[in-house]
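The letters A, B and C name the chains in turn, as written, and every chain counts its residues from 1.
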């Protein structure tokens, strides 16, 4: 199973469908090799999310917390293996997720200025976004719990309306 | 003491007050468990800084250097567990810290555009900032020394005038 | 050799010149201590690149892939020890690298607004850029291979026309 993870996210057996609010989510069953972390090795798995055809800030925190539960101390590394998505840590549910999307409309307008012209009008902005909102984030884990602040959530940021499904790789580097 | 660190930054016993230039700083005494890093475990502690009621770029480099001193090779991970602060690596003391604050006034104006409306006018910008200036940074450590360039400093960036005190978590992942 | 690496990137013996497309590259011979990673230690080396006197997005992916080859599972950490450069993960060769440079001209104009006034007109923008495009990136490595998406490249972003040569530190933290 580690090997299949090494391929960058094909869906291994054990996929189940979970409905969470508006999003249908394809959830990769947890890698039992996770136990391997406790001897200091890195463990990693991929979850696939449906982001649909709208700009989206998708909260991944509960899945991240599940992934590190019981793993002791180390670093959680979250990585999105797509050239048009990023990972941001921000408050969700109090308007800031919409504020981020509005700010990105100003900073990276969805118009015809972009040389990269594939896909919908302004698609090129989605290829610049990862330079400002990187496709990775790292969070300390202590005693198997994310050391996030009260209002911090780990979020997938996706402006790309042409790509309805996204993979996210969760890795744990045991301290 | 590791456990108390796991709680996300309450001040353990051993707190002492240090005055450094304009800032009064609450300094968490160094975790003696730091020695544990040498067997490859992660060690982590939290320091609390007073940022006051103004926009601030606060240089954390000397504390970061103290934290990794004698730890051999690995990665320093700096994390601020707040939804309205970020960590940036830049030159300080030659105008660039003020230039950053000025640029952020243009990119994320302190006006009434934000849906998130708690606190002072424009507070919502502080909740978008961590998507552009993430709440974490990582720096290689070699022979117990930060492998920073000559002009690089590790800085806390805080536009939030409503929160006068900030915690910063320093973690070391032994190589 | 580890020690010389600890100094932040002087060129140790074993330097050879490689010509790759438009760039003349000074390549540091691979650190044989790399084998040390397999017991969980961090290994790190510095490569020097010629970026010349123009704004540049320089693709480092092939060097990064060479560096992690055969290292098993862990994290690649890329760090540029300069206060006027950043690391971004984006698609190259399809216009997005030029789109990024164009966006940065709008977001951080090369004019006289900057307090930091050394060097060419607008040089101050290069000192603010690392707050938005950080000088580090981290990428999961599985089975000695970068877990990048199909269209992702690891790039050095350098707006600084006054500094023609840049060091990049590649570190591997064994899982």
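Keep this in mind: contacts are C-beta pairs under 8 Å (C-beta built on N, C-alpha and C of every residue); 3 or more make two chains touch, one makes a residue touch a chain.
The shown structure was predicted, so the numbers you read here are calculated from the model rather than taken from an experiment.
Two copies of one sequence, chain A and chain C, touch each other mainly through non-matching residues, since under half of the numbers at the interface are common to both. Overlaying chain B on chain C by C-alpha atoms takes a rotation of 120 degrees, rounded in steps of 5. One simple way to say how far apart two chains are is to compare their mean CA positions; for chain A and chain C this gives 23 Å. Counting partner chains per residue, chain C shows two or more touched chains at residues 40, 107, 132, 134, 138, 173-174. Taken together, the chain B residues at the contact with chain A in this complex read 2-3, 5-6, 8, 40-44, 77, 79-83, 107-108, 113-118, 124, 127-128, 130-132, 134-136, 138, 167, 169, 171, 173-174. Listed in rising order, the residues of chain C touching chain A in the complex are 40, 73-75, 86, 88-91, 94-96, 98-100, 102-103, 107, 132-134, 137-140, 142-143, 145, 147-152, 157, 173-175.
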